[in-house]
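Structures given as structure tokens follow.
Each of the next two complexes has chain A plus one other chain: chain B in the first, chain C in the second.
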Partner chain A sequence: MSIEIRNIQKNFNSFSALNNVSLDVPSGELVALLGPSGCGKTTLLRIIAGLETADNGSIHFHGNDTIHSNVRDRQVGFVFQHYALFRHMTVFENVAFGLRVRPRKTRPSENEIQRRVHELLELVQLDWLADRYPPQLSGGQRQRIALARALAVEPKVLLLDEPFGALDAKVRKDLRRWLRRLHDELHITSVFVTHDQEEALEVADRIVVMNHGKVEQMGSPQEVYDKPASPFVYQFLGNVNLFHSRVNEGKTHIGDIEVEIESFKETQNSPALAYVRPHDIDIQKELNGQKPAFSAIVSYIHSLGPLVRLELQRDDQFEIVEAEMTREKFLQLELSVGSKVYVHPRNVRVFLN
Partner chain B sequence: MAKRKNVLPGFSLSLGYTLVYLSLIVLIPLAAAFIKTTELSWHEFWAVVTAPRVVASYKLTFGASLIAALINAVFGLLTAWVLVRYSFPGKKIIDALVDLPFALPTAVAGIALTAVYSANGWIGSIIEPLGIKVAFTPLGVIVALTCIGLPFVVRTVQPVLEDLEAETEEAAASLGANRFQSFTKIILPAIWPALLTGFALAFARAIGEYGSVIFIAGNMPMVSEITPLIIITKLEQYDYAGATAVAVVMLGISFALLLLINALQWWTNHRLTASR
Partner chain C sequence: MPQAFITPTSQYIRYNTKVARSRATSEPLWIRWLLITIALVFLSLFLFVPLAAVFTEGLRKGFATYISAIVEPDALSAIKLTLIAAAIAVPLNLVFGLAAAWAIAKFEFKGKSILITLIDLPFAVSPVIAGLIYVLIFGLQGWFGEWLSNHDLKVVFAIPGIVLATIFVTFPFIARELIPLMQAQGKEEEEAGLVLGASGWQIFWRITIPNIKWGLLYGVILTNARAMGEFGAVSVVSGHIRGLTNTMPLHVEILYNEYNYAAAFAVASLLAFLALITLVLKSYVEWQTAKNALRNEVHKLIIRRESI
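Let's look at the complex of A and B:
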């Protein structure tokens, strides 16, 4: 079921949590709402669920206006960051809850409930925990039970509020891959909220980047990462080096060097922000004349893991440039703190200021 | 036996102190009551504690206390709910009012209730023509016991209700539960142990209550005479052994009832937390 969100406005007293937000969630897709804390992503999710009401705007589920339907009738599955399991009920009863509270007419028989709950517990691979109580489970297990509970009511839409936020790094990674596989199996329209760009990029079909109650950009992970629509999106999706510069007739200056920017041919002498990702910083020991480069001194080396991170002190300014390279390249260059290097930025991304 | 190391220091000292304290304040005085009773022969004891007037007083004391505690469980829960869930002008004042029965000398409560509920009082003058007599009847006893027991339920339930996660109710709603179902299946089980504790405290307090009841009860033998009053009456007639005999019976019943409630509490707690 698709979700169409139109002009949603939400204020908490004088604070504007959502400012004229519109977006479409196509049927069967897994969409991530990504943004820093306080950007309104959770509020938007809660409004979709009906746990919160918008001051203005509309939400349609598959073309039907939801404005008058209560959270009970929306047929949404909601998964909370802190699980919100019913601690006085066994895992089995937690999952069965949504079926047991149905009116007598539509309530499945006891046998049917047994069958369905065990099926769901098998789906989340926790059938063996059916008789335990939530406090006896680990965080990852609890969240999987919470997901099974939400799926029990056969929701048209699955909403997840920072579902992996309370878990440790390893479990979080496992669980988000597992969620992706589960979604590929079930194809239920899903929206999940996260502040972790890695999580969004890895799991989602489509990413909606939000900031200050507004949608900054939406698109596939590839689009959002490669063609960020604003400096905010660029910065939020990974580490960056920022250079304050000016653009004039398709050229910008970074330090002593000149970089061609095709898309700004018409621009006359305008202040601009130039961004380069650390892995797009090319480092050489010698100036070979082919590529324009500025000189710098290696001031810090962080060499844990497969990637080596360097901090470079520019000669011409007191600015630090961050660079990333493979371990192999690092060993080849024989760098140490204090080495003089030449820096060539690739893939410079310019936004007019 | 090897001496076991305990991380918390001062175990033997604090336990020793606790035992001495409990002995001086509770156990020895109670034991004295039992010893005093032994002045009576078994027959005399039985005759005193099963006298029709005394038996009627047991029924009134325990019956009225039970009803009062049940009323308090329901309306105390409601009061706690209102104080926790809603904000309204004057909330702080109502919150403070709840504690008043704790602080008020019980005799004052008794006199005030009698004044209001007697035939020419504010409320009494309205309901008496309708055929409801409160003052000087067992109903009056229930009213007095309800008044003094209220804070116990409110104050035990309130913090638990405050700690309740809003998310679990939202989860229940998103799963299709209506408000009644969320209340009975999610909220009530969570606050049940606290409610039971509040009920037990209100019940225990009501059994021992004397000051507020004797004014409004009218103290008619066989009708509105409570057991503590019987004991006082016997004391005033210098029948110490008889007074302690009735006291011992009351003590026994109270102890058994509280033990029962405690067992019930342990059972629900155990079920709730299930070896966490």
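Let's look at the complex of A and C:
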């Protein structure tokens, strides 16, 4: 089932949590709402579920306005950040809850409930925990039970609020791959909220980047990473180096060097922000005539793992430039703190100020 | 096998054995004993001795006098009235307290802080004033006095007045017990129930009540203790009519004023006995709550051990 979100407006007193948000979630896709905390992503998710009401705008499920349908009739599954498992019920009863509270007419028989719950527990690979209580489970196990509970009511839409936010790094990685596989199996329209760009880029079919209650950009992970629509998106999706510069007739200046920017041919002497990712900072020991480069001194080397991170002190300014390279390249260059190097930025992204 | 030295099991077991007393964090022996002695002397002077005195004074003239003081009709009627007042006040305050705590802990609305203050009012007001309020409202010279006497209804100097005063003074106990508990639990579980299709009633009975049952029971025990023991407010509205509007605490006072010490202490011992039962129940509830908490802690440790 597809979700269409139209002109959603939500204020908390004088604070505007959502400002005219519109977006489409196509049927069967896994969409990430990505943004810093306080950007309104969780509020939007709760409005989709019906746990919160919008001041203005509408939510359509498969073309039907949900404004008059109660939360319990919307057929959504909701997974909470802190699991919200019923602490006084066994794992089995937690998963069975959604079936047991149905009106007698539509309630499955006890045998059917047993069968369905065990099926779901097998799906999340935790059938052996059926008789335990939530406090007896680890965080990752609890979140998987919460997911099984949400799936028990056969929701048309699955909503996950920072599902892995409270877990430690390793479990988080395992679980998000597992969620991706589960989604590929079930093909249920899903929206999940996260502030972790790595998680969004790895798991989602589409990413919606939000900031200050507005949608900054929507698109596939590739699109938002390679073609960020705004400085915010660029900065949020990874480490960046920022250079204040000016653009004039398709050229921008970073320090002493000039970089050609095709798309700003018409611009006349306008202030601009130029961004370069650390892995696009090319470092050489000797000045190579073909590539424009500025000089800098290596001020810090962080070499843990396969990537080496360098901090470079520019000669012409006091600004620090961050660079990243493979260990091989690093060893080949024979760099140490204090080495003089020449820096050539590739893939410069310019936004007019 | 260097790992053998840091088996997680030893860490787990340490939680179950006695905590060794560390010299670094404890006071010298004589200070410890001094403080313990002071505490014990204080407790015996102010708690144990009076409690023992109640029972010895009650039994001073023999067991037969003790029993006859209790089964005497006026005493029986006082016991009955006390039980009636508690039987009405406790369930009503159970409903009021639960509703108030539910509203305060789970919803945002205007005037919430005023409601919290109002709930605390009976704690702040002297019980005698609480009694007087009802006399001023329902008494013969009060606001509704004329209307009530025209319709041949009696509130003050009758059972309804006693029940009203009891409800007033015991009002905050359950709400005060539940508000912090429900606030700490948040409303995510209720929201989860809602999304899963449960009705408001189902959410209340299947999720909210099981989560607060021990806190609720604790509040009921405290309410009941106060309802049976209340003196000041009830004294003002009762009128001290023997065999009709005397509760147990009032009956004790009358007997005492008549120099009937043995009977007074006999009835008082009954109240003290009720208090002791309340304490036992209260400790049991606390022990249950602590056990649940401890069980969760131990399981966390076990999980940690399994995952190492």
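Note that the second predicted complex is superposed on the first by the 353 of 353 C-alpha atoms of A that agree within 3 Å, B and C clash if a C-alpha of one lies under 4 Å from a C-alpha of the other, contacts with A are read in each partner's own complex, and residues count from 1 in each chain.
Keep this in mind: contacts are C-beta pairs under 8 Å (C-beta built on N, C-alpha and C of every residue); 3 or more make two chains touch, one makes a residue touch a chain.
Please read all numbers here as calculations on a predicted model, not as lab measurements.
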Overlaying on chain A: chain B and chain C, fit or clash?
clash
Just to be sure I read the superposition right, which of the two partners does A:F97 touch: chain B = first, chain C = second, or both, or neither?
both
With both complexes overlaid on chain A, does A:H82 touch chain B (first), chain C (second), both or neither?
both
Output check: A:L23 vs chain B and chain C. Expected answer is one of first, second, both, neither. What do you get?
neither
Now for A:V209: first (chain B), second (chain C), both, or neither, which partner does it touch?
neither
Touched partner set for A:L137, first chain B, second chain C, both or neither
second
Return first, second, both or neither, reflecting whether A:V193 touches chain B, chain C, both chains, or no partner chain.
neither
Jot down the residues of chain A that show up as touching in both complexes, chain B in one and chain C in the other.
49, 51, 71-72, 76-78, 80, 82, 84-88, 97-98, 101-102, 135-136, 149-150, 152-153
Where on chain A does chain C make contact in their complex?
49-51, 71-73, 76-78, 80, 82, 84-89, 97-98, 101-102, 135-138, 149-150, 152-153
Footprint of chain A on chain B - complex, ascending
165, 167-168, 170-178, 181, 185-186, 189-190, 271-276
Considering only the defined contacts, which chain C positions touch chain A in the complex?
188-189, 191-199, 202, 206-207, 210-211, 295-296, 299-300, 302-303, 307
Quick check: in the complex, which residue numbers of chain A touch chain B?
49, 51, 70-72, 74, 76-78, 80, 82, 84-88, 97-98, 101-102, 133, 135-136, 146, 149-150, 152-153
